[in-house]
Structures are given as C-alpha cells and as structure tokens.
C-alpha cells in the first residue's frame, strides 16, 4: 500500500481532473502543483497559463506567485492580464480553472472576500483576484477546499464567484460563458453537481472517511447517490514526481 | 527673391503650423514632409507619430505609407493602432494633426469618402482611415487641400470627419475632445475659423493670388477680414532641407 | 480538407486529442484557402504597406471564392485584387487606396457598378471592433465618429452599424461599435514555430487584436523557426500558439508590399499595378498575367523575378 | 516642487516650452513622493510578487501621506505597508494577500477597525477599468461579475461602482465597469532612458494600461540606459516617453518582492514580514525598524544588507 500525506493525496486527486491537451489556469499553491503533476504524468500537452501573463509555461521550480519569474523561462509567451483574462479566458478558451474558497454554498457559489456582514466584516479575505472571472468563464471549474462545517454553508456571507448561482438557468440568465463548477475536492471527499438541480452531490469519499463524516460537515442538504465509491489513491510515481516538483516542500511540507 | 514651386511653398507653409515640442500626427505625403521639415528647422523637439504604431520617429528616408518600415529605425517605440489612436490620440495627447480632403464645407467638415449620392456614389474615395479620429481628437487640425471650386462646397456629399459641425457648441454636444480645424492651407491661400461663428475665414493669400481669386473658387460665403496679408514665402534653407528629406522627389517632384 | 490540428502546446476548443493524434499545423497555401467558404468573413491583417497577405489574396482569386466580407482598418492592393476579381462583396473598413499613389481604381469601379458594398468606419473604430471581438464582448465604446455621416448613414448593417448612447456614468455621448468575430483571421507574420507561436517585427497595426478575434486563425509566415528560438524570448511572442489553427510558410507573402526586416516594397511593381488598374482592361491583363496565369505563389515570384526580389531584401539595421 | 518637465521627445499637454526650458525628468524618490497630495488616487503597478513599487510605498509612509486611494488588480506587502501606516483610506482592487503565505494581516485589522474601505472588483474588471482610462472612454464592457455580490454590494461608489445593462446589439447582459483616471500612475520598470522610454522584462500584468491611465505617470526604474539602447529596439519599449512625467532611478525598488532579470524575492524577509504583521505590535516594530527608522531607500537596503541583496540577484537565463 502506498503511504501518503493528506496534501499529497489532494494534489494527486486534483491532478486527475486535468486532461491532456487542455488550456489550464493553474494559479499558485496546490492547484499549480496538481497541474504540474498532471503535465509530468498523464497530461503532457497541457498549456499552463498564469493570469499574470505567462502562456504555455514549464516552470522548473514551483512558483509562489502567479507573477513569479519562475513561470518565465521557457514559456511560449509572456504578456499581461488583458491577454490572459480577456482574450483567453473571457473568450472561452480556458478548459479548466482551479479555485479555493473560504465558503461554498450548495450551488457551488464561492466566497473569498469577507467573513461576517458586509457592512461590518469580521475578517477581510483576499477578494476575487481573477476568481470571479475564472468561475464565470472557464469551461470547467475545480474547487479545492479544506473540509470544515463552517465552510459548507447554506448562505454565503458574500458571493465572490459564481457557481451555479440559484440553480438551473441562472448562469444563462447572466450570459456567463463558462460551464460552472464541476467538482469540489476536499480533504474528505469529492463532490460534483446534480445535472438536474445543479446542487452539490457527493461523488467519492476519501480513504479513511465515511459518508456520514461528510454529512456531519456540511450545513446544507448534500445529495448522496446510491453508490459512493472510494476516491482512488495516488501512485508511488505521482508522489515521487510531486516531490521533485516541490523539492523544498513549499506546498507539500518538509517531510515526505 | 527665392524661387520655389507650388508644392515647395505649401510644404513650407504647412511646416509653419507645427510648434516645437508638439506631438504630431504626420501621416504621409506633404504633411509628413512638412512635419519633417519643421523638425529639421524651427521645431527640433517634435514627437512625430504615425498611426500605424511608430512613436517619436526620425525617418532617414521619407516614408510612403503610415506603416512604412522607414519609420522604424531609431524611433522610440513601435506598437500599434490601439496605442496611437486610442491611448495617445483619443486621450487628447496629440497637439496637431494634418488631413487632406476632397470636399470641405464652411465649418471645416471634411469628405474623404464619396463623391455623389451615398446611395449611388459616383466616386469612391479612400474613406476615413484615421481621419475622423484625428479630426475628432487632435487639439489642432491643419487641413491641406487643392483649391478648386468643386471642393469648397456648401454641402458635403458625405461628412467623413468633423470640423466645427453645425457651428458653435456642436462639437461639445457630441463630446468631441479635440479643438477642431484651426487652419486650411490651399494652393491659393490660408484660411482660419471665425471664433464666434466657427465659419471659415480668409487668413492670408499666397503670392500671385488675390482675394477675388479665392472668392471665385469657393461655393459658400467666405468671411474676409479687413486686412488679408500675404502668406510668407519659404526660405532658401527650407527648400534645400525639404529636398534633402525627399531626395528622389517622391513628393516634391523630380526638378527642384 | 480536414486535417486534425493540435500541437505540443494544446489548442483551445480542441482538447480531446491524444498524443498519437497531434499533427503539425503547417499546411500549404492551397489547403488553407480551401478552408474558406463562399460567404465567410475574414479579418484581414497587415496595415498600409506593411505585412499585407497578398499571396493569400491571390489564392482566393485562383480558387474563385465569392461573397467574402473583409474586416480590416485599411488595406491597399490586396483589397484591390480581391475586389477586382469579384471575390469580395462586402467590406467593413476605414480606408482603401494606394498610399502615395492614388485612389483604389478597382474598388472605385466595383462600387460604381454595385458589385461591392462598403460599410464605413474609422481606423480607431475598426481596431476597437477587433479588440471587442478578441475580448468576446459585444461592443466597445469610442469617442469619435459622432456628428458625422459615419454615424448617420449605413450601407447594410442598418442600426447594427453602431449606436450612440448617453454614458450611464457620465451622461456624455459615447459611440458603441459592434465587435467583430469573423470565421477567419488572416495574419501575416515574420516567423513562427511549428506550434504557431508567432513573432512580428516592426509595428503590429491592429493585428494583435485581429488575430484573436476570428473563430479560426491562419498565420502566414515568412519563416519557420525552432521552438527554442521562441521560448528563448517569450516576450517577443505576438501571437501565442493557442490561437493559431493553421500555419502557411512562404517567402515574400506580401510582395509587392513590404515585410519589416525581410523585404521592402516593390515600388516599381506597385506603380505598374496602379497604372494598369486605371482601366478594366489593364486590370484584367494584370490579373491574367500575375494571378490567374500562375498556379501558385512560387510561380508568381518567378514571374516577378528572383533578381528583383533579391534586390528588395531588407538591409540591417534599417529593416527595409 | 514645480520643476519644469519636458524632454527631447516632447511631452503631451506641455508643448509650449522652448529648448532652453527642456529639463531632465529624473528626480529623487523624495521629490516624486512630495508631488502626491493627501486625498490623491494612484494607479499602483506591479502584479503579485513582480515589480511591486515597495520603495515608493515606504516613502509615502515616511512623508505621512493620508487618505490616498489605490487602484490596482492585486498587490501584496506594498498595500500592507501603506494600509498599516494609515496612508490609504480607500482601495479599489481585486486582491490583497501575501500569496503562498496567507492573509494580509494589516488590511484585515484596518478593515475591522473601519480605517479603510475596499471597493471590490475582479482582476479582469480592474484591468479593463485601466484600459478604459487609457483609452479615455468612460467605461468598458465585461462578461464577468454578474450574478454575484460584486455587482450587488457597494462600499462607497454606490451606483457608480458598475452597471449591468442589456446589450443594445445582442440583448445579452453586459457589465459596464467605470474607467479609472487617477491623479498618478506609479509603475516600476527594469530600465528607462532619460526621456522616459521604458522597457519591462517579463510579464506586464496590467501595467501597460495602468501607466497610460493616470493624469501623471511616475516611472521607477532599476537602471537608466542611453537613448541609443532604447532606439535600437523600439519594439521593446513598453512605455513611450510621452506618457512619462517623472523618473526615479533606484536599485531594488521592489525588495522584498522581485524584479524580473534583476533580483528574486526575499522569501525570508517576506516570511518575517508576514509573521510580524500578525500582531499590531509586530507590525509597528517592522514599521519602526525598516521604514520610519531610515531616511531613505539606500538606508533601508543597508539594513537589509548588501550581502543578502547580492544573493538575490537574478541568474541567467532564468531571470530570478
């Protein structure tokens, strides 16, 4: 049996949602590591784009910032935000984007801006960045979150980025060009969205967790299908390669 | 007495309307030659811009096209149309632009598009190019035309570029940011605009022509002030330099 | 003609291919032009004398395409050729003439005989229409055109030509011009790698926006270079491969116009062209000799003559 | 501070000067910051870890500027510094945090205490607002934000934050974001000539549009180069001199952030900063030590230590 940490598991799991040949918005952090892992394994022909302006990047060291110089060397083009978010993303050319969030609701809408009331916020979070744009325009959206009851809420404190908004037809109403969230990856499970209701639905449960663990940690009614398979585990090769990509353990932590 | 051809005279006359330190849209043809002449004589610090994308150009040979590679070598920046017509011109950064026209009316409105009715044109002319944009946005507009009765008309066949439109207040009504036409140079005279009525007004008459010659060759009521001085003649130096700028006589003709 | 296209770098809107199916994007001029259907719209790259896709225009004529619409700021003998040979029926442009030489004679005749319709804009308006198309928004705001017949008169777009509105923020008048997303963008560049990453030397005119606004982009390049050359200077990439569907590599694509750092314009040929097009007979003679009388671009270059072409080659450091 | 500014190349909006009055645009950081008045708006250049105008932020703090508004897509410790020292009262931004490290602690505290107000947009929205400002049109259309609280909630702009309209061409929903034309644009570049022609290495982020949207542009450059260097490669000029009002030349302007081809980020310093700002006391300690405790940028660099700085210098060909 393969030994792995939670972060290694999540990185491999996220990588599985990147398909070969796709145009990918990697951002930073675990999604970037996942995209790089995918490129080194099953998806060698992805076009990795950073919203700061790098196109078809092959960083030899893992970048810390979307604008990190580590994205530059060997990339195919280095331009700017109008190019990446306007000409590429808003024109519908991004296949998959990754986002994290502090809160998510049952339609996959995301909050990355405020905790507490808008008028008197308790905590200021980073804000949208390119998040709203990616959630509006990417063909598929993969959301990565820590699983915590306070994060899976019935009502967001602030809706930064659109998921399926109020359900069927509401993205169309606003002319959003992307397909919306496809999958949510947490440290307990993977969730997708019911095609009829556009509500979040349990998809797979990670080794070591049960369906009930998940249900205990969401504040809305999660759709649970009859069969909930276990999430596949990472391979030795995936773990080895992700550590080669992050030799200093910036994202994976020091110990293997 | 200096000997000069009509074209040499007009080139020197146009050059006199370029002031040192200005941002100038030169285009091609006689205006470009005039701008280059100004730069070599009384206005060494002009920033010569071509709408195709060249900024602060110092062509060593006279360009034939606004996109001519002759503009490139030694210029300060080579970009594109959004830069020159959007960021520079539309943002109000051009001091003086030059335009020619097939027809002009008494408010300095210009036609460079059709002769004859719009529905069934007799002659298709080049169209606006950047002309409308320059006439809308340049702080000052200098118009250069051959003097012909059929060109100084009461009503244009088609209004391509705005002069003072219907008179006082009408540029403001449409929010046009430039000051509109300041002077019209023909092979007979120079005309400016009456500040009250915004109508065209005789300014100077070229050597060899009379006020009556001019009046016989316009189809509207031209304002004639009490005093109409003679247009200053070019200097030997100006003629020498303009031929150095156009050694093959592309614009000035072969013979000196 | 249905070659599967994809690249090492992946292609937008075409992402399900596996490695075995990754083909080269490089095709012949004949193949590229065959993809254009009668009635299609084309963004037409180049500006003035610079990087005009003349060889593409020739092949459109040889393949007898009909009812095409050209979207561009200003073009010169390329439009003259296509209009003269009845390839185009509509133009959405700001400018057509042969700078420094005179009016576009073929356009003038075809307008008079009602064979083409021209929807008139300004250069800024067209450039912004391409920017809007590239951004995938339906319109862009500008502060020109207003008060003139470019606003008041329309050929065939009717009230879809443009709209003058009161700005909802400032109350000022603003002109909205509709974005353009034609079937194809045709852009001529200096060099490209096999994936389609393209570099442009000299000014770009409206080609950055134009290359990104078409549903498919065909890049015509003077030269193909190794991927390393592109990736060594990623800031020089004007058009990333992900936008590029097909690549045609040929020398002297723009002749008798110029291509910065590669060759100067052929003024003698241009003057001959302009003179011959003064009459319909003269134009037909040119058409028969230089376009229909040859099978392809290299035969055209042979007629022009390689000694002449050699004499046009750009000199350093001037680039022309 | 009222030096007459103009250049060899001529300056927009300042065209009546004669040769005798042509002064150099190069001034000191202290002089540049003195031009900023309390209450002014600043476009703030750089993106993420790249080319952040940290030294300018330090000097704003030292000169005790107040009630400034920052317009930018995303900034990190530069905003933390200015917000922490009460220089800013308003932000129109898409993002503030220290990527990879965590939340912006100073911003978090100042928001909680009501000392700053943030008007939230997305990166695309802000970039388009700068593009609109550069184009001198009142708004730009985008297809994002709609359906979310970025549309529904506003801090102080009220109904001038944005407008969702029905497109007059297509009937689709479109979001109009208002253009930005602040008093100043502050942009950090790699190199510049004495006239202000500036080159940027690596990505430009939103700095092309941002540099053109401000009423005055102050360029901070790591290095000044001869005019010949610029004019030898005019296609590399990211910001032509005609936009540039003032130039400040200093090394390590972005430290502890990075400047492509010049130096890498100082991760140790960044982590220290982030850790210290977790408490108000820690932040005050940092502020006293690194910003208020020094008279100018060189003294700051001395405290950081030249050995450390030397170790950060970029290596070829990687640029970091």
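Think of it as A, B, C and D in the order they're written, each chain with its own count starting at 1.
Convention: a residue touches a chain if its C-beta (ideal position, glycine included) is under 8 Å from a C-beta of that chain, and two chains touch if they have at least 3 such contacts.
Just so it is clear, the structure is predicted and the values come from calculations on it, not from any experiment.
Trainee: Considering only chains that satisfy the touch condition with chain A, which of them also satisfy it with chain D?
Mentor: Touches both chain A and chain D: C.
Trainee: State which chains count as neighbours of chain B and simultaneously of chain C.
Mentor: A chain counts here if it touches both chain B and chain C, which gives D.
Trainee: Determine the centre-to-centre distance between chain B and chain D, using the mean Cα coordinates as centres, and give it in whole Å.
Mentor: Computed value for the inter-centroid distance: 40 Å.
Trainee: Approximately how many whole Å separate the CA-defined centres of chain A and chain B?
Mentor: Distance between chain centres: 57 Å.
Trainee: On a C-alpha centroid basis, what's the spacing between chain C and chain D, in Å?
Mentor: 37
Trainee: Which chain B residues reach two or more other chains?
Mentor: Each of 54, 72, 78-79, 82, 86, 90, 177 in chain B touches at least two other chains.
Trainee: Residues of chain C that contact two or more other chains, please.
Mentor: 135-137, 142-143, 172, 174, 202, 235, 317
Trainee: Going by the touch rule stated at the top, which chains touch which?
Mentor: So, checking each combination of chains, I get A-C, A-D, B-C, B-D, C-D as the touching pairs.
Trainee: Considering the complex alone, what residue numbers of chain B touch chain C?
Mentor: Touch residues, chain B against chain C: 28-29, 50-54, 60, 64-73, 78-82, 85-86, 89-90, 109, 113, 118, 120-133, 136-137, 156, 158-162, 165, 170-171, 173-177, 250.
Trainee: For chain D, which residues count as touching chain A in their complex?
Mentor: Chain D reaches chain A through residues 46-50, 73-74, 93-97, 99-100, 103-104, 107-108, 111-112, 118, 120-125, 127-128, 131, 142-150, 152-153, 172-174, 202-209, 258, 260-261, 264-265, 267, 314, 317-320.
Trainee: Which residues of chain C touch chain A in their complex?
Mentor: 6-19, 22, 134-137, 195, 197, 212, 230-231, 234-235, 237, 240-243
Trainee: For chain B, which residues count as touching chain D in their complex?
Mentor: Per the touch definition, chain B meets chain D at residues 19-23, 44-47, 54-56, 72, 74-79, 82, 86-88, 90-93, 95, 177.
Trainee: Where on chain D does chain C make contact in their complex?
Mentor: So the residues of chain D touching chain C come out as 132, 135-143, 160, 163, 165, 167-170, 172, 174, 176, 178, 201-202, 232, 235-236, 317.
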